[in-house]
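The next block holds one structure in the form of structure tokens; read it before the comments.
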Amino acid sequence: MLDEKLLTYDIEGNKAHVCMLAKQKILSKQEAAEILAALSSLQKKAESGQFKLDCSLEDVHMNVETAVTAVTPHGKKMHTARSRNDQVSLDTRMYMRDAINELSAALMQLQHSLSQLSKNDCPFPTYTHFQVAQPASVSFWAHAHWHGIERDLQRLSQLYERVNCNPLGSGAVAGTTWNIDRDYTSKVLGFSGPTANPMDTVGNRGELEAELLSAICLAMVHASKVAEDIILLSNKRLIMLPDEYSTGSSMMPQKKNPDPLELIRGRAARVLGLYVSAITVMKGLPSGYSKDSQETKYYVMQGVDTSLAAFSMLAKILPKLKFNEDKIIEELEEGYSCATELADLLAAKGVPFRKAHEITGGIVKGCIAKKKYLSVLSATEVSRLAGVPIPQKELGEATSIDKVARFAAKYKIPASSAYSSALKQREKLLEDAHSLLEKEVKAITG
Amino acid sequence: MLDEKLLTYDIEGNKAHVCMLAKQKILSKQEAAEILAALSSLQKKAESGQFKLDCSLEDVHMNVETAVTAVTPHGKKMHTARSRNDQVSLDTRMYMRDAINELSAALMQLQHSLSQLSKNDCPFPTYTHFQVAQPASVSFWAHAHWHGIERDLQRLSQLYERVNCNPLGSGAVAGTTWNIDRDYTSKVLGFSGPTANPMDTVGNRGELEAELLSAICLAMVHASKVAEDIILLSNKRLIMLPDEYSTGSSMMPQKKNPDPLELIRGRAARVLGLYVSAITVMKGLPSGYSKDSQETKYYVMQGVDTSLAAFSMLAKILPKLKFNEDKIIEELEEGYSCATELADLLAAKGVPFRKAHEITGGIVKGCIAKKKYLSVLSATEVSRLAGVPIPQKELGEATSIDKVARFAAKYKIPASSAYSSALKQREKLLEDAHSLLEKEVKAITG
Amino acid sequence: MLDEKLLTYDIEGNKAHVCMLAKQKILSKQEAAEILAALSSLQKKAESGQFKLDCSLEDVHMNVETAVTAVTPHGKKMHTARSRNDQVSLDTRMYMRDAINELSAALMQLQHSLSQLSKNDCPFPTYTHFQVAQPASVSFWAHAHWHGIERDLQRLSQLYERVNCNPLGSGAVAGTTWNIDRDYTSKVLGFSGPTANPMDTVGNRGELEAELLSAICLAMVHASKVAEDIILLSNKRLIMLPDEYSTGSSMMPQKKNPDPLELIRGRAARVLGLYVSAITVMKGLPSGYSKDSQETKYYVMQGVDTSLAAFSMLAKILPKLKFNEDKIIEELEEGYSCATELADLLAAKGVPFRKAHEITGGIVKGCIAKKKYLSVLSATEVSRLAGVPIPQKELGEATSIDKVARFAAKYKIPASSAYSSALKQREKLLEDAHSLLEKEVKAITG
Amino acid sequence: MLDEKLLTYDIEGNKAHVCMLAKQKILSKQEAAEILAALSSLQKKAESGQFKLDCSLEDVHMNVETAVTAVTPHGKKMHTARSRNDQVSLDTRMYMRDAINELSAALMQLQHSLSQLSKNDCPFPTYTHFQVAQPASVSFWAHAHWHGIERDLQRLSQLYERVNCNPLGSGAVAGTTWNIDRDYTSKVLGFSGPTANPMDTVGNRGELEAELLSAICLAMVHASKVAEDIILLSNKRLIMLPDEYSTGSSMMPQKKNPDPLELIRGRAARVLGLYVSAITVMKGLPSGYSKDSQETKYYVMQGVDTSLAAFSMLAKILPKLKFNEDKIIEELEEGYSCATELADLLAAKGVPFRKAHEITGGIVKGCIAKKKYLSVLSATEVSRLAGVPIPQKELGEATSIDKVARFAAKYKIPASSAYSSALKQREKLLEDAHSLLEKEVKAITG
């Protein structure tokens, strides 16, 4: 029962709601104290794994209420001024807050692994159309992926603010006429404030879930790209996979297969499917609550679990990769990867770019025919073809893989993500709210 | 050829690039002046629709370069320090900036239509499980949808910042060794600054396109929800569709069909499909540029056009809706929509909520059996069943649809979207950059 | 561990493989006998739930081999002339065969529920654009849905033949040079014959899984349509939901919510998402086996479980529906549902159809204005408007809902699906093969 | 206006409908003759491109009716006993029949290109996890892909039968009470017979469209796999791309990019998106016709056009590929691709398979360390490690790439697809029906 993941949030939410009902005199202090004591003891059981959800009680909410009512008859008053619709929205938002924070931490861990690689200025090929393009460096490659993840972190950070609004008080769909205090529950649950409209809150369930899945989906596309690079380049032996992250074949004794990387790639597909399910569930539903939207709770949980595992796996693999410099240089030479530099050199000497491009194309063709690399070209030869004098030194620099790769190595990964302090602050706010709620509970239970 | 949409952006981008090359002495002033003059004259032709793209020239970039080179041979130098990969990324980002601004304006127009409805405090049903839930008001309904759109605007606004980075200088995949000035091109094209990594910029093409499609997708889900409400409630004659937005049947003479609303609902599906295409294109591609990603350019254009049409249609229909108050009241009475208020009243008088809920359930059942509405209940009867005295006045208020609906009418739509000044500022910045660029061009062409 | 579902298939497949190895003298009779005895005893344990898969052993195949090898060292020879790639393909195909048969049976059960309704010739509305169109009957409605499902059954039946080919012998990707007998394993496992190409068999893993998900998806769309009809028409009280398949609200005491129907509708979305995942996993993978495709095994299992539950739930609900004839007639009268018949009558009397359509439109408008139904129109009035004489009797028949509905009642559901004998035959073939295999096993173990 | 594609079908359908109305005496012979003459002249205009659809007339149906009515006032009678709902279903089914036939022909063309390659018994690597697995041959590779396409053809062939049912007579949603002859229109339009239920026919619009998209999607996945193979292996220079199907880079002069293959791969994504759109449109719609489903008409047209272009491009590229045998042999040697054969040899000599697998793993590791290939191993060395005598001749055969590849070359592509005669028969039936209809028309127009 995936609702297990919501249990602690449901108890916490119940505590906040009951404290508020007491504060507003909707419950007497005595009633509230009994309920809160029951909730606290339930929480302890839940934390130690002793409280198992009973499927016959439909959902986590009825499980908790039933357990409380078994201890005190006032449990029946706990649901005053509330509906399961705002309650599940509360639980899901609390879950998503933690999920976003965990995902952010996992992506920062992945960035950290990339940072480690970025100390490596070993030349590394770039590709376009999966054909060798220009020389770069391992650090350049790491820097590129680091920045893709940085946008993922930004998206998560911005989404957090949309999630972090308090749905309590939305009732079934139209709010409640009870004199409740939504600011109070916002404060003790760490929300930035109450949501604006009950029907929007309850009826657009699935929207933020879908947005989270979409953010995860893009992050998984980034991860799948890293995985694909390693799979393809380990095939070419430019990268060597660590033994502990590759597996053998049951039939072919020589194999070292990049299974975990293939799974990362494959699981990007799973998250896309979950997103599609979430949108398709919502599309065309009328306003107000429809049961269909309950499905989105499970989609988001599956998406979070799937991607956390993938990010963490990738973060572990990256620092263990070995880069085979000899093979890499060979790949770059054979790919005539300095041709662009050469054309740029010609253009710098006054040949119009399109013309320089054309001449260089001819030079490369000639080299291929004679099976020689660009780095052995003589300045005389090139000057003649270009129609302008090209100094040997400059030619040498333009066609030296090492020189060109060093240019790429200038890209430096920042010390940490720009969103790392935001993450810390969010975690702090949640902790503070938690302590405040506990204080409030104690003030009532004595 | 969908590339038509990129033509003016491509010309503008060329201008900025050439001004920069001149400033950096990569082109002589004379060369730059000739190219810029050719570009300006091309721009005029483009604006008056006289310049048609030639499909045999592959893409918009080669079309522009060919046209310029026909006027001046220096056209061949225009591509110095650039690749089609950063050029198309530039065009697409400029297109997406305008698209986001247009979408924002269209959504604000839709919000405006909802604002007009929000003056209407006619009672209106809320539903859960498409069964009558509680009385609310037309204004409450409009308020709910307004807030959904507000989140759409927030998403677009945040995405704009990610889009608004200058890709020029990324080259084919690994940047360029030419001494270019990316801050300069950023300034004259209105970007907040250059992108961080060339391979990330070029290789993650499709990511921001997908994010835009995802943001549109959620907005279309919101629109489809409004459409579905109107379709369903016009079937029940609670809402009357304007003649000009409904069509007849070729076979059934009595019909007034909500065709445009059905299309809005259906087109949410189209946008989801485009998003799926975009993610599926990218998933599993290696780093660097792959041609597949070109597809995403068309997906985003189709998604933008589809949704702009839908938002604008909905904005026109909303103010023309007629609400049939008699039928609405009947719907609410027949749906025993004040039952929650009644249960709350009992609970307020001290009956535990779960008990109050149960008693009210029994009262409703009795009413259904006797075919009478809650509003005719006597206080004596209810007091007896509740076991606590319920004053007639309070009972009357709890079961009066009008009274309860008035409660919902308190939700007030803000004067304008919180993102409207951001939109204006973005538009202003683009205009300013445009003027600056023209000034720079003139400084060179004289 | 979802691999549990494959356990019995894996054991059965192992038995067939070992019998074949013995027949081909690749294993000695003694070796085979020991392995088969171990497999049989494992099968008994598995059937009684005593054998649990150990996750640390990677997959079901290694679990089984390890268990066998614990009993006899010859277990290490069981994998001769085989790879996990053809083995998992075997298990999955065996699983899918049973799944297709179960799905077919569940859909036939749903057809049976529709058959029961088809005895009900109570009038029933048809809708276009969710506006009342023409009168039909409950039997007509059931007949329509019956035929949609009939196509689902056809699809499953045709897919079965594609699934029912024996992958054993495909090896890891390129077959095997061992002298195996693929016809023999086909026969004892009930396959129509061996697959044609090893790389196609192993590398296109996911294709038939996706096709099954697509077939399920269309069937779920059909189910979602039935569910949507009942949800919408129970809102209008034309259909009354059985108590045992509707739930209450935690806040609103008057509610009777169609939860299970909403879940059926929502779960169509889940199956679509699983299909998307399956295709996205495969798209762009190179030939041969990639680990990513393993994911599709789980997608198909989730899709099968989800849809089986939905079909079976719907089959239970349908016969319990109550149709409220009074409300239905009212709906049809208020919808002027006989307008088409009236226009047809005019056309039959010589008025060109487009003209007749127009005149009838006018008549309907007049009726709406005077708040009267078509059924009370006088022939004199209609004759005058039509410009041709319309006899009262024929007018009465054209505008009588009962008469028109009776016309629709002529659609008769066949006694059973055209695919029911195919299903029985498939099940019989599987049973026969199973018996044959047991006989072969006994011939070896003695 | 995509409806252009339906124009000839609409005219043809109108002819059949009018002939039937005449035969049933619903229209007089004179009326029918005038309408048919107008339709025939319109058809000529349409064929010569002189008839352009007018967007203000909503759809193709109203365009045709308006054009006919401009010639004869009896045009207004043409719509008798029909609705646009069955009319568009007719047009779409006629379109889909032709589309399925065209797709089948294009896929057979692709099979033909593979057949040509299959004469090539040059060794070729197989991969699992994109790591070299075992030696096979180009012919084996072609054979694998041929068989994937054969299943695509089977699916299309089976779908054709579901499409090829006559929807005319379904009316708007509930059929018609006119005394029409559906068998007659079936015959002259080449359908196998009328559909079973009007509401099913009209309300499940989109279902067969989605199924066609799903069939295309799987075929595109097959095509994307071929494309991916060529992209990856041309990177490794095992395959050389023809110049005419590769493009240069605007920046890098040395590049030869596989653009068309990348587009094929990318467009598989587009078709998946179209499928998702189609299903999402339908999911949750109630019975009967909803306008949303109109969208599916465009999805299917886009999907057909996209995939026809892709299949035809791939069919052209395949015969032009050059296979670099030296590089292929090197790839296979370096990948120790005969390891499985070696392990099998050991197992054949009595070493239990798991043990043989392990020993061979050790041998491979040793070879890698000593940088030598399996083909140079001595029988003495292997015998010692295996613990059983291995004859040199058998060892040589097991480790000779050529020998093993020859084994794979035994897979022979059939002379033609099993579905080619079915295609011819379908085309013949359509032609015959067309002639019959023309004869019927002439019998009336004289």
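Lettered A, B, C and D in written order, each chain numbered from 1.
Rule of thumb we're sticking to: contacts are C-beta pairs under 8 Å (C-beta built on N, C-alpha and C of every residue); 3 or more make two chains touch, one makes a residue touch a chain.
Nothing here was measured: the structure is a model prediction, and the numbers come from that model.
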Comparison of A-B and A-D by number of C-beta pairs in contact, larger one: A-B
Centroid spacing, where centroids are CA-atom means, of subunit A and subunit D in whole angstrom: 37
Subunit A-subunit B separation of Cα centroids, rounded to whole Å: 24
Contacts with 2+ other chains: residues of subunit A: 79, 85, 127-130, 133-134, 171-172, 232, 249-252, 257-259, 262, 265, 268-269, 272, 276, 279-280, 283-285, 290-291, 340
Chain contact graph, described as a line, ring, star, complete graph or other shape: complete
Residues of subunit C that touch subunit D when the two form their complex: 73-74, 76-81, 85, 126-130, 133-136, 140-141, 143-148, 150-151, 154-155, 158, 162, 171-178, 196-200, 202-204, 207, 210-211, 214, 217-218, 220-222, 224-226, 228-229, 232, 265, 268-269, 272, 275-276, 279-280, 282-291, 340-341, 344, 347-348, 352-355, 357, 404, 407-408, 411
Subunit C to subunit B touching residues, read off their complex: 127-131, 133-134, 231-232, 234-236, 248-259, 262, 276, 279-280, 283-285, 335-337, 339-340, 342-343, 357-358, 360-361, 363-364
Sites on subunit B touched by subunit D in the complex: 61, 79, 82-85, 171-172, 249-252, 257-259, 262-263, 265-270, 272-278, 280-281, 290-295, 299
